[in-house]
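Input: structures, listed below.
Two complexes, one shared chain (chain A), two partners (chain B, chain C).
Up next is the complex of A and B:
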């Protein structure tokens, strides 16, 4: 039973999420659900670069804003519906991200983080100043969605849920692929990874592009749901910080961590916002949560739970001392027999 | 006998310090070649030049006749040169088996986006792990292994890419005598299967017993080369090691 649940739990969870907006029919809940899925999707994207490869970009809002502006401009100039155009336009943003990455990913560690912030500030500056394309500081308005107002946010809710599922599948697929293994190798020791044959530049650029894709897609859908975008919101640094916060809470480098983090923290920050009104206190609470995570659960919820389970399952298997006598005997066996140590050990075993 | 690696008048300096100067040496295919010299004589720098960590300021490095001067480390690895490090470097958070899988050559879409571990590759990895006596630890994270086990894993993992030439940077340092004997046997067996070795080592017994040919570096300059017997009685080498 627990085994079935362990493997198939996403299915009942999905059914619950499909029913949820029908039970809680208030438009607010639809918007909340949409926001949760939106941030879970984008955090999942961020995690591919920040969690798997270990390159923690603070500037991913750049792709969020680019996705938003691309969707808005395409909707206004060409009449493309953002729900249809966003997945395609996000491809363009991903290509753009890879070009940027080609230059940026020569920097590592703190230098990369600073480069990522610079990237965000530059695109924001561009959005502010190319007034005839972006509308400058006042921003751009998008067409109102064509469906009846009765439906309110419901289409956004289901659309974003679908995108989230795709993001999780892609992320899980990458995690299990050779490519994902290469990214984890880069996170552990980039120099060594390069030395054993991983083309680290190619891997990082690809990961950066895939990572940017989901953030840009989220930005496009967000712009449509918002119906108005402007540089401070589309290119604000807080979106990027939120993505990191959610990912770190759930577990950086895990498939489900970013989603778990968003499912906990997005409703929580709304709740705090209701409690204390529009004052910046909710940001202070988020800051406190972030500090608590770093202090008590630096690896996030999922890795911490896994660690506890491992420690409970095999408390004695964690012996880290020198080679055991048994190992040494096996090796000596290997020497005298001339065969492999394990063969020698097996031969030893069969002797009466 | 064909040459597997030729280093032709290579020079490299860090700022004002010349680490390797006008160094020429060549390795026979299928042999075990040693590289000795006092600390700071440029041995590791030479390894870094061969594997593409540094690019030589002048001179040529050729693997089987092809220049590898301007290739990146991953390309050089794909050409068939792999190495281990003086201070063991593994992917610490990964399992033993995953450490074995990462070095498998990455070519084409199947390698990039296929499953991370194919069963034939896992079998090959397990056979190698058995040889070094680590097969029972396949799912343990690399950081949990003992020092000696880590050294063995690093060597085994490097072999997964199917190298023609393996560079070992001090394989016997910090290892107990039993293990040293085990590593020597392993190297000998691998060598008889066709892998060439280039070994930096301070343990003279290890070098003299194992190597077919030895080069001696001092302050970035090659001062002697020859079979172990010749090197052991070479006055210049004795002077470097023992002083006048």
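Up next is the complex of A and C:
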């Protein structure tokens, strides 16, 4: 909670979000709010792997789809309500992700990006072909929510807002923990991180699992809100792309960046979709925005503003979410596990 | 499960080899671009589909022979590739992960635009020869049936690869490209203009996929969305062959062509693409250097 209380604005913002659906009573705004929270949650999850550890996965839609299908199958076969079952089933997806990660995270950099796409395509192909479990290409239907239709999307709105708060607290806690510092060290220089005693393999696998957890949880709730899911939507690559886009716009590797990005871009892309209908032009716009961010603002909004503020306050080195002196000291103080520096240095030498 | 007869296996393997020849042309640009600047061009599949559409429209509107569409698509993609490398990719060349995302974003733009203007129905160029088959009797009971489009496609692919090889082998520009693949710093020290070579290589890479796209348009059915299936096929070829290795890409393309055909016979054709994805996934995590390449590393 210290994270929330350290700043003055999250509380008024939360109150605004709590009364927002009562002021704007049309179901459209409830759905829009739900979508913003959904993608903010999942982008916050993606950021733990892609932003903190620097392993940018393009295949996180695989966990989204797995979460959606797990919730749908549990609802149909066992009668579990997805709002209750999703947080539990997502744990299973996270374990699955860690097993995959154990193999996948041997690949680094661009090889990891390609492996993540391959992972998504394999899972999608399996979902398409195991018809007796997944319903094949036509997909699966879920039960209609039990509350009165008048309430419409309102329960989803508040539920997802709660999940988002949890995600931000977890992400903020991780960012300030030794674990988070280890991830940042991996991003900055994996070899050196290993040398100062970070168990890089374990850290990466854990981060992969945690980031998959929030995406799978989002997928489960999304499936319930949709009431119907099919492979092209549950395992579409665009969901993963959106997560990257929102994170990068807000600021990759920052706690609030993914949420900020989702709050800006989800309503905007809704507007684009509204303008152009369902035509594929929104894909082109999505791609163009992504290119513009990569080329002209690769650091994202929050680090850019922070750098600008610090440059104005005092002409010292800008702090962009990379490790600070204070961070390093904290890490040194807690350094106990892992091989001795000389062992790690020897291992470093063997690398090709 | 009933095992398919030897005849079927032989037939499928022969057609697979021919298919692999065409794959080689479609994939060679991808491995060349990686070799010179360590860039994985995810938009390669989208450019393949784009040049197939160019062939399709030139054929539909003007009756132009699809193979001849290269006079339009090759220069177009070559120039685009030079500009894209010079003015976009080179700006962020220090972050290779970001470069992958940029080419992916470019693919999204291309696919979105193609889907908007040319709809999402499956297209294919149907010339008079698409269904012609060459029948080769082998022994008393066995007849090999080889589609002419695949024979012609692989012959043309080999011709195009030969031109590329000769260019890399004998021209000054080709020598500079090979020098850059071997050691960029040393190449720069002896006076190679790296920025120019990189732009040129990206152009060449897209030019080869434009040529591949012309053949592709006759052999396969395509929609704007099929780019992700094809980019993963092409990636698995160059990863298996060893990223940056041209002979590796050729060998891997032939292997994948045969493997895909056999998978379709032994499993069902719906699930056969999984061969590509699994080979891609497993090569990356078990043998990142592929068959002939150097190790794919973080630059």
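Heads up, the rule we're going with is that the second predicted complex is superposed on the first by the 309 of 352 C-alpha atoms of A that agree within 3 Å, B and C clash if a C-alpha of one lies under 4 Å from a C-alpha of the other, contacts with A are read in each partner's own complex, and residues count from 1 in each chain.
The definition used in the following text is that a contact is a pair of C-beta atoms (placed from the backbone, for glycine too) under 8 Å apart; a residue touches a chain by one contact, two chains touch by 3 or more.
Everything quoted here is computed from the prediction, not taken from an experiment.
In the superposition on chain A, contact of A:268 is made with neither chain B nor chain C. By the touch criterion defined above, A:88 reaches neither chain B nor chain C.
Once chain A of one complex is fitted onto chain A of the other, the partner contacts of A:295 are limited to chain C, with no touch recorded for chain B. When the shared chain is aligned, no partner comes close enough to touch A:31: not chain B, not chain C.
Using the contact criterion defined above for the overlaid structures, shared-chain residue A:177 touches chain B, although it does not reach chain C.
When the two structures are aligned on the shared chain, A:185 is found in touch with chain B, with no touch to chain C. Applying the stated touch rule to the two superposed structures, the chain B and chain C interfaces on chain A have no residue in common.
On the side of chain C, the complex with chain A involves touching residues 38, 40, 88, 91-92, 95-102, 104-116, 120, 224, 228-229, 232, 235-236, 239, 270-271, 273-274, 277-278, 280-281, 284-285, 288, 295-299.
The touching residues of chain A, when paired with chain B in their complex, are 173, 176-182, 184-185, 187-189, 191-201, 317-318, 320-323, 327-328, 330-332, 334-335, 340-343, 345.
In the complex of the two chains, the chain A residues touching chain C come out as 54, 56, 58, 103-104, 106-111, 113-115, 117-119, 121-122, 125-126, 128-129, 190, 237, 241, 244, 279-288, 290-291, 294-295, 298, 352. Those residues of chain B that touch chain A in the complex are listed here as 51, 53, 72-75, 77-78, 82-83, 85, 89-94, 98, 101-106, 111-116, 130-133, 135, 140, 144-149, 157-158, 161, 176, 178-179, 181-182, 185.
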